[in-house]
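What follows is a single structure, written as structure tokens, with notes after it.
Here the chain labels run A, B, C and D in written order, and each chain numbers its own residues starting at 1.
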Amino acid sequence: MFNTLGNLLSLTTFGESHGAAYGGIINNFPAGLKVDFEKIQYELDRRKPGQSAIVTQRKESDTVQFLSGIFEGKTTGTPIGFMIENENQKSKDYDHIANSYRPSHADFTYDQKFGIRDYRGGGKSSARETINWVVAGALAKQLLSDIEINAYVSSVGEIFCVKPYQDLDFSKTESNEVRCPDAETAEKMISKIKEIKKEGNTIGGTITCVIKNVPVGIGEPVFSKLQAELAKAMLNINACKGFEYGSGFCGAKMTGSEHNDEFNTDFSTKSNLSGGIQGGISNGMDIYFRVAFKPVATILRPQNSVDKDGNAVTVEGKGRHDPCVVPRAVPVVESLAAFVLADLFLINKTRNTNQF
Amino acid sequence: MFNTLGNLLSLTTFGESHGAAYGGIINNFPAGLKVDFEKIQYELDRRKPGQSAIVTQRKESDTVQFLSGIFEGKTTGTPIGFMIENENQKSKDYDHIANSYRPSHADFTYDQKFGIRDYRGGGKSSARETINWVVAGALAKQLLSDIEINAYVSSVGEIFCVKPYQDLDFSKTESNEVRCPDAETAEKMISKIKEIKKEGNTIGGTITCVIKNVPVGIGEPVFSKLQAELAKAMLNINACKGFEYGSGFCGAKMTGSEHNDEFNTDFSTKSNLSGGIQGGISNGMDIYFRVAFKPVATILRPQNSVDKDGNAVTVEGKGRHDPCVVPRAVPVVESLAAFVLADLFLINKTRNTNQF
Amino acid sequence: MFNTLGNLLSLTTFGESHGAAYGGIINNFPAGLKVDFEKIQYELDRRKPGQSAIVTQRKESDTVQFLSGIFEGKTTGTPIGFMIENENQKSKDYDHIANSYRPSHADFTYDQKFGIRDYRGGGKSSARETINWVVAGALAKQLLSDIEINAYVSSVGEIFCVKPYQDLDFSKTESNEVRCPDAETAEKMISKIKEIKKEGNTIGGTITCVIKNVPVGIGEPVFSKLQAELAKAMLNINACKGFEYGSGFCGAKMTGSEHNDEFNTDFSTKSNLSGGIQGGISNGMDIYFRVAFKPVATILRPQNSVDKDGNAVTVEGKGRHDPCVVPRAVPVVESLAAFVLADLFLINKTRNTNQF
Amino acid sequence: MFNTLGNLLSLTTFGESHGAAYGGIINNFPAGLKVDFEKIQYELDRRKPGQSAIVTQRKESDTVQFLSGIFEGKTTGTPIGFMIENENQKSKDYDHIANSYRPSHADFTYDQKFGIRDYRGGGKSSARETINWVVAGALAKQLLSDIEINAYVSSVGEIFCVKPYQDLDFSKTESNEVRCPDAETAEKMISKIKEIKKEGNTIGGTITCVIKNVPVGIGEPVFSKLQAELAKAMLNINACKGFEYGSGFCGAKMTGSEHNDEFNTDFSTKSNLSGGIQGGISNGMDIYFRVAFKPVATILRPQNSVDKDGNAVTVEGKGRHDPCVVPRAVPVVESLAAFVLADLFLINKTRNTNQF
């Protein structure tokens, strides 16, 4: 159903930025998996605010509580309910926008659509919602234990990590605040972000994600092709403006003779410009895609705007905000990729009588 | 459900390239719309093969028959079943690939996933499936009569239409074979495609789509944001490798002060780098997005490949194929956009008690 | 999605009684099943009109054409589109009700809901829709080859088949027009129906269905329990007024000590008053349920009614109608049971990591 | 999606009987409703254990906390997350069945399906899950403020309330422990239950539900007819064995001339044997249906059973259990009816362009 992530394995969530808690329910997670709770908390810690100088300073422990669906450390197959309480809301920071619309935020559209909005911290439109996706994705990752999902920051503003991913050492991604595994580029990125932060400004970036060891056959043409489900998941992330996989927008510039991905006799392909997916189904090669994020909308400068009655106002960002969201979005991208894959992986168990 | 397009208004389809017919069922189309059948056939004619020198020469009338759900010219609210018969299959053209895997096609993945595939014409993986989407989208367009959806070819290979869309006259889009409203660029594109075709090669391109007069409030955060539903639909199109909306990948290079989309006192926004969507919901400004297509995989040259038993083979394209698919994909992009919008437009009627 | 039968394996249908055709699309049927087309046509023949003196005399060949999803006799895993053309519509028989509302029919409610209805033959509300369910159920039966599904007429009016199902020989069900395997009761039922028919009247009845060899574990608590999915399917059949399984309404009169279904050491149960389902999941014992059908609403006598403008009118049934619908509903009940089971059977393949 | 209640308005739940908490997420509840929290708690109090001598003595406050989706007392249109903590688990009462299968419970089937179960209190299979449905239904009731939904106990064992519902005063339903509005019958029922309880036994019963003031047009043929959605919801209730609406199983004994529901000139119908639904759509007349419940499976007597290794064992109920569940099921039936109606009511806003 819409407003749920996933088709068979599914995630339904709730939560507002300054509400009591976030949480969700994971339905149809298979029974019998021994859950590694530390790994889940680790992913949450990667995402959480207040962890470095280049992200928001909101302090939350982001501790997840599992309320059902796990018994004596194993999944039972019944719905997994979880919750993360909000601890460090500073709602006063948002009083000024109770009746005004911040540029490039969802204030105006929520008011128009619903006639009411919890304005504090952006309410439902806050990116804090992604905390729920990390819990679900962390569990999904454990189901797909052979699959390796590695995302990293591939650009910040006009600073690009130019090395192809095959030349990167993903074990280095967590070694710096900006989550770029190329140390040299990471340094430039961090400088830039600090500079931007001092100016009270924000900056955009991109994340590249590489998925290895995906079994062949995952994806459901015609309307749930693997790349389409990934695209939908990513374009649901706050601030995401674009998605491309394999050769992406570059492929649009190429000819067939340049682009075609010839088979070797072991069924691997030569160039993998396909990006590991053909006809909407994984072919066993690395899946790689790139996601674009616009700069965070809240900047600490006055901006021209309007209030709900149509009067011109000035809006200035208060509170604690990220100068650049992409480092924190890395575990979010991985989590969504894991969940999408797990869902289609499970569905794939039902598609061929030869497996019965 | 997965393998359906849409959430409330939904399209389920069937058909293989060399099977008896394509067709589909549109569920939950509201009752009472007077159907303009000519407009539907017009959209199908825009998409169909054999219409110009720069597309495939397969001859199909692509005439749609409606089998239910329309009575005395009006929709009844009951399921609309439709069918388009295949007339001009040349299955012999595909005998050679019954057991071989064509590069960058879905032959290998379908065989792996299903253990069986209708190889003729690519079977289910053929882009002829999009004919169904055009029927559904054409009906959806009629439901959204105030909304204007215009797509056009914005690049072919390295030839770009550099004018911003605001400077283009969409009434010119149909005036040339490549569907680029800028006559000068169109000429270059057509030359290029003809050159490519002579070489027995293919070339990629991009399509830009602009949607005007969208009412505010369309889109369902958190998992069915308007941009995400559009992205999923587009990434399901054969050969699509990427999607971006508003500032897209360029936005990732910008700062917040450059990118933020300030409000005017009439609630319109200044730059519309948002692309008409904020917080996943339409804000009344033009929605614009760009879709990337890799070159068509079938080229009329020998390529190295493998057969199902792992033996090296040579595969050479036979049959009738497009040198460049983007002109024919223009009505497909518009149709999908129309259907996604119509679905979310209908859902939006249920989201606010003020409207009851 | 709603208006679809099934959750993973799904059926979407179209068709109106006097429209061009009925048909449907079966999504996510697994690949690799060798289809027995004769068995499918056999089930359709069991359901079709005009086959005996005690059912409607409308003559249709009810021949199904498969348009996709089956290649060289095997399912491909891609959507299976099928169609059955209407041949013998006598629309003139319905002119008189274009503007009037027949008692106990859907004329009034369709007009109110949709503002428009195809009145001919009842349009979408006609039970001819069930022809689609028989096609889908017949295919589902072939997927569940070990499972035996046998339905039979257990009552017509006040004539009951009093033997418990365990004492019946299901191979006798097809040996008489009323599909009651107890010859003596069948004779009384047939007499009654012929008497009713002569009077231009109709009569209700019930169908009992017994399903043997169901593997343990089928059903998805909490909202898709096996009995609930069966109940929903059955209550969607035209004229169905009730559903009970296992001890049913009788169980409501019993005490726990009388009703409890003790286990034997081989995990079978003693009484099976449970009806083969516990906690919403099959337990391996026979599943048995009973479905109630009201008398067909069209009777060949004048009835008081109203037209769309609120004027009192007299309505008299014309055309060809069943005096008793339950014999023809027997294959419909079996088909729905098969489809529901197949859907939950497939889902069950994803619910336990021990099976992976 | 399966394992969710509802199609557009949807409820997803979690919780095990002796786990930390129950809870759920209501998706797509429209924005702008002023929530009456007292009414919700009132419905929960009607359902909760420990409230009278004829129900279980487990003590829970059953207080619901809303965690999102409601702001300044009004629904925001965003997901409504809620939670009810478990306070009074006595898990020791269940140690003895950790490895044994209680008759007529879900112990065996859960073990078979999932390979693991939280056995304490029946885990997910406990009827305590219905607490979640009451929260959701109570909110749904507030959305449908004109509609009156009244359920009552119509039989306990062989004691029947013989008065037709039209002769009952529903305001009396809450005036006695057994929730039967006919005082005389109520007295007999209470006596019977007390007697049964003393014997350590349990007894079944039925509930009748009457819904007034339903607008015309609610229900979605062909697969989501109103009666089918109600049937599915009810058959998901623990211990439910049957559902009938309108004339129900009695209608199966009637002839068409007896059963047909003639129209008056104001479009009301004379007999309403239809039960307020025709062609799967509400017709404005009272909707009435009856639900059958088998006796609660846990009885305080030794029963023969088996353990997971196939050894014969004796199982004796410990803990606190209901001798008769139907009084507590009354608010559950009303809640489910409310939710199903609200869902279809919202969907109906999208089905007819005349309303746009």
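Just so we're on the same page, a contact is a pair of C-beta atoms (placed from the backbone, for glycine too) under 8 Å apart; a residue touches a chain by one contact, two chains touch by 3 or more.
The model shown is predicted, which means the values in this text are computed figures rather than measured ones.
**Q** Can you list every chain in contact with both chain A and chain D?
**A** Under the touch definition, chain A and chain D have B, C as mutual neighbours.
**Q** Could you tell me which chain lies farthest from chain B when each chain's centre is the average position of its Cα atoms?
**A** Comparing chain centres, D lies farthest from chain B.
**Q** Need the CA-centroid distance for the pair chain B / chain D, whole Å please.
**A** Roughly 46 Å, centre to centre.
**Q** Using Cα averages as centroids, what's the distance between chain A and chain B in whole Å?
**A** Chain centres of chain A and chain B, defined by C-alpha means, are spaced 26 Å apart.
**Q** Quick one: report the Å distance separating chain B from chain C, using the average Cα coordinate of each chain.
**A** Spacing between the chain centres: roughly 39 Å.
**Q** Can you list the chain B residues in contact with two or more other chains?
**A** 1, 3-4, 7-8, 13, 28, 31-32, 75, 77-79, 113-115, 124, 220-222, 347, 351-352, 354
**Q** Over in the complex, which chain A residues touch chain B? Could you list them?
**A** 1-5, 7-8, 13, 101, 103-106, 108-110, 112-115, 124-125, 129, 155, 157-158, 196, 201-206, 216-217, 219-225, 227-236, 240-249, 251-267, 269, 273-275, 278-283, 292-299, 301, 303-306, 310-312, 347-348, 351-352, 354
**Q** Provide the residue numbers of chain D that touch chain B in the complex, in ascending order.
**A** Against chain B, chain D makes touches at 1, 8-9, 28, 30-33, 75, 77-79, 143, 220-222, 346-347, 349-354, 356.
**Q** List the residues on chain C that touch chain B in their complex, please.
**A** For this pair, the touching residues of chain C are 1, 3-4, 7, 10, 12-16, 19-25, 27-28, 31-32, 65, 67-69, 71, 74-81, 83, 113-118, 123-124.
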